[in-house]
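Below, subunit A partners subunit B and then partners subunit C, in two separate complexes.
Coming up: the complex of A and B.
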């Protein structure tokens, strides 16, 4: 039997009356999950470990992990105990808690490149701040970005032609293709003394496309080019952070960034983001006006301290990669046994996958829908995520679900060999 | 005896090593509190009701209320119980909780102008979104803003000449003076079909200046001008929201905004902001790409539901205004008895004050410092805030503190009559 979503649908109808699009953004049906709306739940009731339960009582092994924040497992007991202990003392108070200092010290101690840490709320708060720091430090305006990269929703991160975006919003952006050092070098030569910042994710994880790791010497060449030309090298580690390397994803790929943006995995779902930087940029960031009502709140800070300590203790990046490797190897094998060519790219702790038998993506979408309706929550065209609460039994159950889903799709498409 | 801050200072030294400026933003010593650093604490240990305790054990009656979020009193038992109940179920999950629908319904039911609600994290998330919605709805770019107004820290809200701000960031902003309808009318005439949005706070509450209420027919004339010219009227109610009127500050001043930005007082310190709008703008907001990792998190949503219900139950805006009136009337009287001319402006629930005896602001700063060192936490040049946990006894104690502080300053300045 496959899941049904009666209560979710009723709630979604209520939502649509008072919330634009019912559920908005990357969690919503329109843009985010890329799954047919009859295949997936709209509203959750509770979550624990690797699972969440929707309002109809369906249980999912959740491979989206709230689009990243779930790294240790939902409602991790240690992280939540630290958060609740702090909540009893105070959260958003006129003077910050000294826990903020403790967290900054821990991040400086943990992240290889970090001499300091600055805390905010959204990933986009710190990607925007990174560009501002680069501008303050260099007195330059232009920013080199990767086509198809995602750095949040601030207008400067969007594309001209999207609703509400003006020419001025994106006037200082210059785009290059991923892994094309030659293009970056050309831009730098053509704009002498004008490039403030090169910003990219540590590897390329766009939507709707296979994810791509950096070429062997890509980052080393970019690092040298930036250093030689006084350009700030900013890494958007919002999605990859602490899923590749507890010392930072620049460390994973063997280089040292000037600025690193963290968010999703640093507090296991409690609301915080961070910008880490080198001492050379401390005066620049100190000169920038940047703050927010909740940015120094102590509860997410206390949660983050516990989360990072635990990530280090269990070597979470290694564990998540190992679980992801096991899961994806199995899925590929099961797919093959039914005649499906499941292509897996990216780092296994946050892999991207697609069924390559057809270019239309329809087979892939059908398979993902059949998985979701049986309790394995994937999305179609976004990378998936592993959390550390995932068990071998969960992986086995996912194999069974995937196997059944492949069978259903194959029966529907007898042309597959 | 006045307070000392040994532990705060030691912690601040530690902080300065790993956090740019030690404490940044409006909570930091550099920009925010505008109080001599020997007069006020850097780090808090805990907070409850109208008070917080710093790391040296000093207790303050807190008139900054975390710069606004504390509206019911710190760690309000009802709000926190709702937050913790939800935390046990789930917070940041792949699918949102249906609590989000409940909160949107409650806001639509509460805020007079609201047909829908959209939730984010920072006040600045929703002021930026308001401008984007206006652009999407009108196909125009330009925005009319008030000189000295504050709408967050996104580059478009800042000034050319500030570090990191580019000409492009502010290219579409047009500034007018507060309460000058004639200036707005002139701008609209000079830019036919080009103004997307007029954005302002419901009354003018800049820093370093007396706050100003709108002239009698100011908002009615602005409303008509916007309607006649297809301009979206967006009110930044981040600071005033639910301190003037539970139905929204536009309602308080007798007009209806198209968009209203809420943040500080909607969840008593749990991290959430909201944009409310009219049905005419629902398609426009639905077209804009705007989302964030934590925006649909259920814990702040559950807290907000309980907070708004309680604000309505106790008629918080009325209570806060009445407490603020009593407090400030007393302070003015006590000041007068010592020869000080304490000028109070703005709405009493978030009044602004200054000692007008000298233009240098030095007497004012000295008096505020003496108040803080005795346990009444004011800041110098920003409006103050009332929370609903403040008692008559707190007000009496504040009178005593203010009286002593006036005496100290008078003794130091024998020229005062």
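Coming up: the complex of A and C.
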């Protein structure tokens, strides 16, 4: 028996009357690449640990973790208790809670490069802030970015040719290929005294493509180039943050960033993001006017404090990587037994996978859809995520689901040997 | 902002090309060319050229060089666009003795084409009109993707982001087109191919008509299954950004 989604579909029809596209953004069926759409749930009812239940009552082992925020498991008792305790005291108040200071101290103690922390709500809030800080510090306007990199949805992060994006929005962006130090060096030489910032993710995790780790010495060479030329090195650790290294992903790869953007894993789903920086940039960020109505709300701050303490206590990055390695090794082996070449890339705590037997991804889309219909929620276009509530039994169940899904796809494609 | 050359290419390769299908689908158009055996060349200085062949009750459009009975010269892409909008006349440079075909049958054919490409709710209520409007609108839009991707400034940027391969666009029990993309250049063809790298499939003429006439949005249609996409999605994503530009040319 595979899952059906009658209530999800009914709710989607209702939603599409009053909400543009029904569900907009990355959680929606179009941006979320629900292929085919009838294989996926649209709306959840509840979530706990490594699982969520949809409105039809189907239960899923969730390997998307809300696209990253779920790091300890949904509704973690300790994190949620801290949030609820703070809610009883106050949340969005005229004077910020002193919890904010406590969280900033914790971030500075935890993240190797951090001398200060600035809080906002979404990853995009702090990537945009990082660029502003770099410009304020250097008096320059150009930014070097990686082709295929993702830093949010603000106009400067999007591409010319996308709806609503003007030439002026992206006029100061210069794009280079990932892992091509030579290209970065060339751009810096061609634009003397004009580059404010180099921004990238710690490793390359685009959609639809194999993820790529940095070459040996890549980051060390970039670091030196930035230092020698007065360029701010900003790392977008929104997705990788605390899934590679509790001290920050720059620490994991052996260099020190000037600015680090955090969001997803810092509060286990409570809405907060952070920009961390070095003392050298404290004056610059202090000069930038940047704020929001809910940015200093105390509830997510309290949740974040508890989340980070717990991540440190259980050594979450190590645990998540170990679980991810075990899971993906098994999936590759099961795929191979059915004639499928499942390629896994990236770091195991947030791996990317694709069936490489064809270049259209159709086999992969079919296999992922069959997994989802049996209760293992993967996506076919984006890296997946591990959360620390995942158990050995959950992994075994995932193997069984994957095995059955491979069988179904193989029967549909007798050409697979 | 619409680019003049792109507009002329759309008018030639997406709109005029539609006469081929009009003469298949519309009985009145079919009867107009019943016994005609004549070929036309559209030659646009600093632009493109294309040929219409009327033979054995059929119309065929091609951009491959061939001989012709009537050659129509246009001083510029703008001149051609003005002719399409009824604000200018072509300059016949060959086949003056056969000009009556232009004045009579060809003019009626283009009027018939305009009739089908300018729908109203009342007209769309007619089943046959609805079908022909959907076919012609779909062909116009899908062939226009290639023209916008090849010459429009922003269109070229989006086309350059489409990975190489073939995109199949089909409507259930309706038109089918495939786009061949290589190094950011797009060629549109009618029909289907065995193994496209990406697919966009409309579940019905109704869905295609609703989307192309601005009454449905593609995101919602993907959600409720009226449009299915599969295969290498970056091809579809970037193609859709060009498809979204079509209305700015074909208001």
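As a working rule, the second predicted complex is superposed on the first by the 414 of 417 C-alpha atoms of A that agree within 3 Å, B and C clash if a C-alpha of one lies under 4 Å from a C-alpha of the other, contacts with A are read in each partner's own complex, and residues count from 1 in each chain.
To be clear about the criterion, contacts are C-beta pairs under 8 Å (C-beta built on N, C-alpha and C of every residue); 3 or more make two chains touch, one makes a residue touch a chain.
If you're wondering where the values come from, they're calculated on a predicted model, not measured in any experiment.
Within the superposed three-chain model, A:365 lies in touch with subunit C and out of touch with subunit B [touch as defined at top].
In the superposition on chain A, A:23 makes contact with both subunit B and subunit C. When the two complexes are overlaid on their common chain A, residue A:161 makes contact with subunit C while staying clear of subunit B. In the superposition on chain A, contact of A:352 is made with neither subunit B nor subunit C.
Residue contacts after overlaying the shared chain place A:65 against subunit B, while subunit C stays out of touching range.
In the superposed pair of complexes, A:42 makes contact with subunit B and with subunit C alike.
After overlaying the two complexes on the shared chain, residue contacts for A:295 are found with subunit B alone; subunit C is out of touch.
Greater residue coverage of subunit A by touch, when subunit B is weighed against subunit C, goes to B. Shared-chain residue A:54: touches subunit B; no touch with subunit C.
In the superposition on chain A, no contact is made by A:5 with either subunit B or subunit C. Comparing which residues of subunit A touch subunit B with which touch subunit C, the overlap comprises 20-21, 23-24, 28, 30-31, 42, 162-163.
Interface residues of subunit A, counted against subunit C in their complex, comprise 9, 12-13, 16, 20-24, 28-31, 33-38, 42, 159-163, 208, 359-362, 365, 381. For subunit C in complex with subunit A, the touching residues are 154-155, 157-158, 161, 165, 195-198, 217-220, 222-225, 228-234, 241, 244. Listing the residues of subunit B that touch subunit A in their complex gives 11, 14-15, 17-21, 23-28, 30-32, 40-48, 52, 54-55, 60, 62, 64-70, 74-75, 80, 83-84, 87-98, 100-101, 104-105, 107-108, 115-118, 121-125, 128, 131-133, 135-136, 141, 152-156, 158, 162-164, 166, 168-169, 171-172, 238, 263-264, 269-271, 277, 282, 284-297, 300, 377.
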